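Residue numbering begins at 1 within each chain, and the chains themselves are lettered A, B, C, D and E in the order written.
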């Protein structure tokens, strides 16, 4: 697989073919999801309409975790196979994952204000998500902290792998420590414990988020490849001999 | 892309194959190769900035080459590497410095280790300096300590960057003798230098011969900033 | 094993000879608490209330202070190249460095903690648990710190980057460390946070040398 | 004057390029307050009470952090020798270094302070006076710091020694700085401590360059 | 005790009178004196650790001599000093480095300053490196920048510690030319070196001639660790 994609030209072609489908799926999923979420699904008997925050909060939380896991995975692959594609995907995915994490934190805080009466508590779930946010920041900062881009890629990839210990902590924190936060009710052993009227919009929104993420990811990777091409051509063209130096 | 780190080869020689080096996006040299047999010395020469130090780093395995591969001789033991800097701790005394590095790199047997240290101290006239912290040393004295460290290690392959920097006449002679002794015992050495006439019997590798004719940068049709063969 | 001992002894000896790191860390620790008590003009009730958090936060910051020097001097003067080329497993080198670092910064910190606890009017149980939590917690901080220090070698903004990288991993240690002390002061059962701290330590002991060694290999020039 | 500008510009440019010092100081500042709120699990009433002291102590510690680098890099790489041999009065060199240091560490600190004050629930008057007191106080800290940094150049325990030397001189600044803020928060007249801070600043401006230049002349190897 | 810092003399020459140097409690040399007229070069030679670098520091006024005095020529302008180290800031580019030091030490007139920088860049072939941060430079490239800094300053007296360290053939020739030009314009230079044959027409000061015969420590009958005449 990785060797199949190892040619940038091929990757660009496949990405270009995938892109419209991703956009369509994203629009469809989020559109239908929002329709179900805001119109069709009922208000919660305890929480009222504020429960509708869930349809943003939960998918973005899932995405925050999934994107980080993806970064850790491609980082490991890149380090093992010494192939830069993994670095490229990881670096491209990080800002997107950070965005999802921020959305999760903000919607969670809003929700917390309405249902727990406080924006923030230092419980295990919330703290570990905050840690995830810092890890994303650290990953991005480390990756761009070296003059040698390759060195930055490798350092960031290592950090991504180290930080992966946080993912299971986030996932299981609600089970290991009694907290204010909701325990898992959709993605758990023994089947989902949530009413279908709520499950449908949730799943639709999640699908939309995934498609949206993929679309942006392909765009970003393509832009990076194009940028490299331009830089390489410019340097090769503009410089004779020792020439000018570019910090990357 | 294959692993470019030096591998331990089957033959009893140091083999560099088709090495290319890129620093700061600039191709320094490509297609550089040589073989060094036991008892051989290879002098690296060339103008400032051509890539002598970079090549030494690649041979040592401290940095991967952009292309090509390095094969270390069987049973090299360790590699001794001496860069432009001396790598001394300002607060450690000369004796402590040598003892520490001999414990890390030198012969395992304490008796042999002590003797190796003593020989190195004697070769570079470090005796009177033994109790001085390194930060009190003059430039040439520092270099002698760094050379003493190389000598006290049990390495068969010495990689050295302008070893005679700051040495006076006696120091330079002491180094020549130490190198001759190392060679006579079947050791090998790769030495970057601007004074290639100082050593007779040594091969000379003029790096400028392999200098990148035109600057080549990241190949836009492959992924990495790599040169030469790619999967 | 000889190599490990040689590494440890050399580092500890030079570090104590320089004295700076140990004294900076302990000095910083004492100083901060002193300045706080000065800033609050001896409002003892307030000080007692903030004591566990104050001591742990200060300990954490102090431990962070000396982190960037963990591998930097070796990196800059070329000793790191020498260590990479030696036959000692790099993981062992990292462990030795971490041990030396902890002996010269963590241990003195713990030795200084009781004095502060007394100044801040902590009770006996609180004091005992403070020392215990620091004993379990600070080695973890050091081990996590080695990862940050190794990853940022040669980076453009080394010092800050380390903080950014290790901070998220420090937070759990801080929370459970404070948890141990407050639980003990309030007369509650502290075994859960103590076990958590122990677990962190074991995890860090297993993972940190691997990660740091990998990072150091990348860092060589 | 050209020389002064050249010195200032070179230092500021390199410092921002490295980024480390500024970000270490500001990062440390924000971090400490963040860690404190973490350690107290958001006990807002308590935090509000300790706010002025917390911000000032942290600012002082942060300012102290970067001090040892004031002349050290120049000393070690030989640039200081060059400066000593130039025709620029050494007092001017010290002033330029101090100005560059303050611009890259003190000023960002002041810029970050309001954010913290808001997080810590400080009121408007408190915030305004916090900024004012920092504006008057931090240059004094830097100037006093130059003396410590110059005196300890080449000393074996540089870092700690500086702290030890400057601390006694920092304490009055701290006390009056906290005094300004608490007076303002409590709605009292803060003009006396403000004038004291101003007086310290003028005194430091007059004396510190002289003392530091004398110390630097001794330090050259 | 009189002030031992160099004073500006009345004559147009550099005069060192009866200088003694003590480092780490050990008397390195005593009774050393010489005179250097405009257009003169003085080479300091001697084995490692004899005190060449220490003497340069004393001449520059960076360290006081244990005894004796230094008299600088009238209108020296500044002194240019180049030690074993290069004194470059890793993050500053080559162009920035030269511009900064020219602003601090060079000619006051901006036009003349720019020209001085350009000449220095040309002399040491620094043009292609201008935009590189110093930490990317090879050892020889660093030394060229340090030499360029000396050349771009407007000093009449150059004090240099093994200036040709790490330079390749072209670099060494460039330095010889620069020094010759400096001398021809009435400048002076004191150069510590281990290769004294490289420069003809220069005087040679063999420091070993003045070496302290026996280690002499602080004179118990005076207060300071001073040697020789004392008030």
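Things worth noting here:
Methods note: contacts are C-beta pairs under 8 Å (C-beta built on N, C-alpha and C of every residue); 3 or more make two chains touch, one makes a residue touch a chain.
Owing to the predicted nature of the structure, the values given are computational and were not obtained by experimental measurement.
The fewest steps needed to get from chain B to chain D, moving only between touching chains, is 2.
Among the chains present, the centre nearest to the common Cα mean is that of C.
Remark: chain A and chain B have CA centroids separated by 46 Å (rounded to whole angstrom). Centre-to-centre, using mean CA coordinates, chain B is 36 Å away from chain C.
Chain B and chain E have Cα centroids separated by 31 Å. Contact with two or more other chains is made by residues 24, 49 of chain B. Counting partners per residue, chain C has 18, 156-157, 164, 167, 171, 175 as the residues that reach two or more other chains.
Shown for chain A are the residues that touch two or more other chains, namely 122, 147, 241-243, 245. Within the complex, the chain B residues that touch chain E are 23-24, 46-49, 52-53, 84, 132, 136-141, 144, 161-162, 165-171, 194. Within the complex formed with chain E, the chain D residues making contact are 2-3, 6-7, 10, 13-14, 17-18, 73, 77-79, 81-88, 220-221. Residue ranges of chain D in contact with chain C, taken from their complex: 18-20, 23-24, 27-28, 31-32, 35-36, 38-40, 46, 49-50, 52-54, 56-57, 60-61, 65, 156-160, 163-164, 167, 171, 174-175, 178. Every residue of chain A that touches chain C in the complex is listed here, in rising order: 79, 122, 127, 130-132, 134-135, 137-138, 141-142, 145-147, 151, 154-155, 158-159, 161-163, 165-166. Considering their complex, residues 57, 60-63, 78-81, 83, 85-89, 91-92, 96, 100-101, 103-105, 108 of chain B touch chain C.
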